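Both complexes shown next keep subunit A, but they swap its partner, so subunit B is in the first and subunit C is in the second.
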Partner chain A sequence: MSTISWLTARGLFGRRRFLLLLPLPLLVVGLAVLARWAGVSPTHWGGPVLVGLGLAVVLPVVALIVGTGVLGSEIDDGTIVHILTKPLPRWQIVLPKLAVAIGVTAVTVAIPLYVAGVLAHSVRLGLALAAASAVGAVAYSALFLALSLVTRRPVLLGLVYVLIWEGLLGNYVSGTKVLSVQQYVVTIADRIAPTSMLSAEVSVPVSIVMTVLIAAGFTALAITRLRTFSMAGETS
Partner chain B sequence: MTTVDLSGVSRWYGNVVAVNDISMTLGPGVTGLLGPNGAGKTTLLHMMAGFLAPSRGTVTLDGAPTWRNPDVYRRLGLVSEREAVHTFLTAYEFVLASARLHRLPDPEDAARRAIELVEMAPAQDRRIGTYSKGMRQRTRVAAALVHDPQVLLLDEPFNGMDPRQRLHMMELLHRLGDAGRTILFSSHILEEVEQVSGTVQVIVAGRLAASGDFRTIRRLMTNRPHVFAVHSSDDRRLAVALMAEPSVTGVEIDRTGLTVRAGDYGSFTRALPKVALASGIRVRRLLPSDESLESVFSYLVEA
Partner chain C sequence: MSTETTTPAPAGVIHDIGYQRYAGARLGRRYVAGSLYVHGLRTAFGFGRSAKAKIFPWLIVAIVAVVAAGLAAVRSQIGQVVLTYAQFADAMSWLVIFFVAVVAPELVSRDLRSGVLPLYFSRPLRRADYALAKLAALVTAAWLLLGAPQLLMFAGAAFTTDKGMGGVWDELLDLLPGLAYAAIWALVFASVALLVASLTGKRAFAAGGIVAVFLMTTPIVGVLMVMPSTTVNRLAGLASPSSLVQGVGVWLFEEWLVTDTAAGIGIGRFGPVYGAAALLLIAACVGLLLARYRKVASA
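Entry: the complex of A and B
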């Protein structure tokens, strides 16, 4: 494990912010267990819990907390200086941090979704949801990590993207779906395990190509921004 | 020998000029960067450390630009003003991480040596979060020194330190400078610079106001004209008596009292009580009216 990833992981788990990650995944599992125990048919609760809550809220919000945390919190508290004053090409700082963000997000989201998918339908659906959320973790993490280098309010901007663009506009303006990570994730999960609970709105090739483009593009953006990272004096 | 060269460096933020056409060369030894708060010291240091692009001019380390050039950190260490440390690490872990990121051949040994240099060995296994401000500062210096850089830049390293920690840090900087390293530290406190460095660069309002040997600059500062506000039981008579004093270069009188210009601080303050006593005048108030550091600095700019 590289020193950067080690520092990043220690920083992530060492902050209280990390506790924010726990309630949402627990909520997904809790709701699935509750519905199962009460004997409600999965056709009633599967969609809302797996997609409405799991893929549309838990995945992006966890990715947002982690993705803006791996670099953003170091920028906020100034510890980034210790990492930047090293003779490292900047991609060697961005990539390990991105890897930690993807790994933590994927694990945090995939496990509860797998459990909920198994409870709702089958192991196959569980695996499909886990795999799709891991793919989504890649795109979201790259996006939110880059956001923390582009703006001083990455969390706010990220929430606007998730809630307004994906959540609101995605439901009413069909054109926005082509630029929505959530739609790619749903499409990929639906492709692996087709069920009535998931409804794909974009094609599989579009989903894959767009995911790759978003991940690569925002990673490149993050590296470029870190290369010209400026520190303002206390007076400005 | 490593030198930092600034040539015609300016930096502005929108319409505000933070650093204005500064040229200087820093060589081995300790140099103090002196200036009042807001003079542009941090901006200048950030440009030297490659954390800010000059709007105009060049900042180079041995000929290589510091901006967008992470390679300079092989020879440069920075201790920034913000007291930012990974509080969840111990000092040893923190310095070791720095050594690893520098890809040093023997990071453990380098970390231990750097920690010993700043005398933090007894506390090195405690979390940084439990340290005092001075200990944190020393830990940050150790991390900045772990790769044995030729150039060390420190932004206000004495801020918030108690006198003992201050002394300790001063000794450390002395030792590093004597060993042939190029050390630059910024400060807004005259006495700090006086005790640590022989050469100073004084910046005021973004401009280089004075540069060179500290004693020369200090003499300029003490010998400058001083202005005092005096209020007494009989201002007019006191004014007449004061004009006879060689140390007084001018007296103004108005409703609030006297404004006395003196050529030299010491002789005027010694003369005033004698003059007042001899003429039977009671001095009610004596205020040096321009003793702020800013006025000292602005005098330097005009000189």
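Entry: the complex of A and C
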């Protein structure tokens, strides 16, 4: 099990690839420092940086790239065969990979958001954002990992979810907010540290229950899909 | 084959089995580049490929077409212009981002991954031709995505106009800036997206990277907008490709784009700066793209 995690981590970070994940968190911190230095009131820049950039873009995009990368790139390269032929139960393949994805996403997103939250308001807000983004990382990673087993184009389908469902519809059709991980994350952060910068749109119990359901459900789906997984060549 | 007298008797004979040199017309570099362009344009919409390849492009086309049809219907029934032609391009910007994120990796990343570039470059095609043909295909595809629905709206307006030919002519004069504005969108977005996609052979990473570039830069604009300096506020749009294009639009097509004086991004007197920045961005992306293809697959 630890071998799988180690292999996955090396696949993600090997050959300086981890450098590609750096610009996004640095941007969050950089913008927060810039705004703080220019003396802008946090009520003006808190929303765009913390929610508009951090929770609505950096968290889902990092989770999407990492979450579809841990298993999807092995499927693309065909190296998944080497793991599937080992006498391992499928859950022992899915869970370590999911754990690596969650860990990497949570660390990449939570640290810059903590810094930005401290700069914007208080340590409490920073911790709230870090905790909420870690929770979000669990839900997003499970979702995107399952996507990479359901379809051959997981990133595009994930982008449809992030851009169109959460981004476009979430703003205009309020009903879709009940089924949006982004709203759960905002709600949880707002519950831990109530400020005027975050506005919770769904209730706290709904967020927690739905996050757990999404995480558990998509993990189970991923394990089931991997049980009946059939290798196929590159489709057009 | 005759043997020369000075050499010893041959151990074997090469028989002439009728191989001939190709004596027909050679179509050359321009034809190859043209084919690559047409092929790229077909790839963009999934023509000549499986149904799976058509899902995402046509999903976007369908959304854009439905919006345009809805706008045309509202206009013909109520007579109110909800969005002008130029504003339509603005409203669809998210879908353009998604479209280039779908299409650009299809155009260049697949070739990188499957290692066919040496085969292309062994033809009369130059490396720059390949890159420019792909870029032209992506620009055309993105322009069609924005332009075709505008034609739909134009058709709706032209057939329901009650001012005769004059009304149609006025409508046409409104349409042309809209199409030109769509071309600016297509140029900027396509060159940025193709550059990002050409860096990786993995379509998944390419798509994620393209969306990241466009989405990450948008909040920078939001932060710069609230900075305590008017000059910084006016120049904030330069930070993101989307707002850069909108700034150029406000500069060139203000009459058509800004119907509501309160709305839109304020660019003050910095319009030419936005224009220059857009040109510079396109030039830099194309330059880097050409530099990338000068090296790639040369080993």
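Brief remarks on what is shown
Here is the rule we use: the second predicted complex is superposed on the first by the 225 of 236 C-alpha atoms of A that agree within 3 Å, B and C clash if a C-alpha of one lies under 4 Å from a C-alpha of the other, contacts with A are read in each partner's own complex, and residues count from 1 in each chain.
In this section, a residue touches a chain if its C-beta (ideal position, glycine included) is under 8 Å from a C-beta of that chain, and two chains touch if they have at least 3 such contacts.
Source: prediction; values computed, not measured.
After superposition onto subunit A, the partners subunit B and subunit C occupy separate space and fit alongside each other.
In the superposition on chain A, A:Thr68 makes contact with subunit C only, while subunit B stays out of contact range.
Aligning the two complexes via chain A yields an angle of 70° at the C-alpha centre of subunit A, spanning the centres of subunit B and subunit C, rounded to a multiple of 10. By the touch criterion stated above, A:Gly103 is placed in contact with neither subunit B nor subunit C.
By the touch criterion stated above, A:Gly52 is placed in contact with subunit C alone, subunit B being left untouched. Annotation for subunit A, partner touching more residues between subunit B and subunit C: C. Of the two partner chains, subunit B is the only one touched by A:Phe229; subunit C is not.
Shared-chain residue A:Trp6: touches subunit B; no touch with subunit C.
With both structures placed on the common chain, the touch criterion links A:Arg152 to subunit C but leaves subunit B unconnected.
Within the superposed three-chain model, A:Val81 lies in touch with subunit B and out of touch with subunit C [touch as defined at top]. After superposing the two complexes on chain A, the shortest C-alpha to C-alpha distance between subunit B and subunit C comes to 7 Å. Common to the subunit B and subunit C contact sets on subunit A are residues 234-236.
Those residues of subunit C whose C-beta lies close enough to touch subunit A in the complex are 49-50, 52-53, 56, 59, 94, 97-98, 101-102, 114, 202-205, 207-209, 211-212, 215-216, 218-220, 222-223, 226-228.
Every residue of subunit A that touches subunit B in the complex is listed here, in rising order: 3-4, 6-7, 10-11, 14, 77-79, 81-90, 227-236.
Subunit A contributes residues 20, 23-24, 27, 31, 34-35, 38-40, 44-45, 48-49, 52-53, 57-58, 61, 64-65, 68-69, 72-73, 76, 152-156, 159-160, 163-164, 167-168, 234-236 to its touches with subunit C in the complex.
Those residues of subunit B whose C-beta lies close enough to touch subunit A in the complex are 13, 16, 18, 37-38, 40-43, 46, 49, 51-53, 68, 70-74, 76-78, 80-82, 84-86, 88-89, 94, 97-98, 100-103, 143-144.
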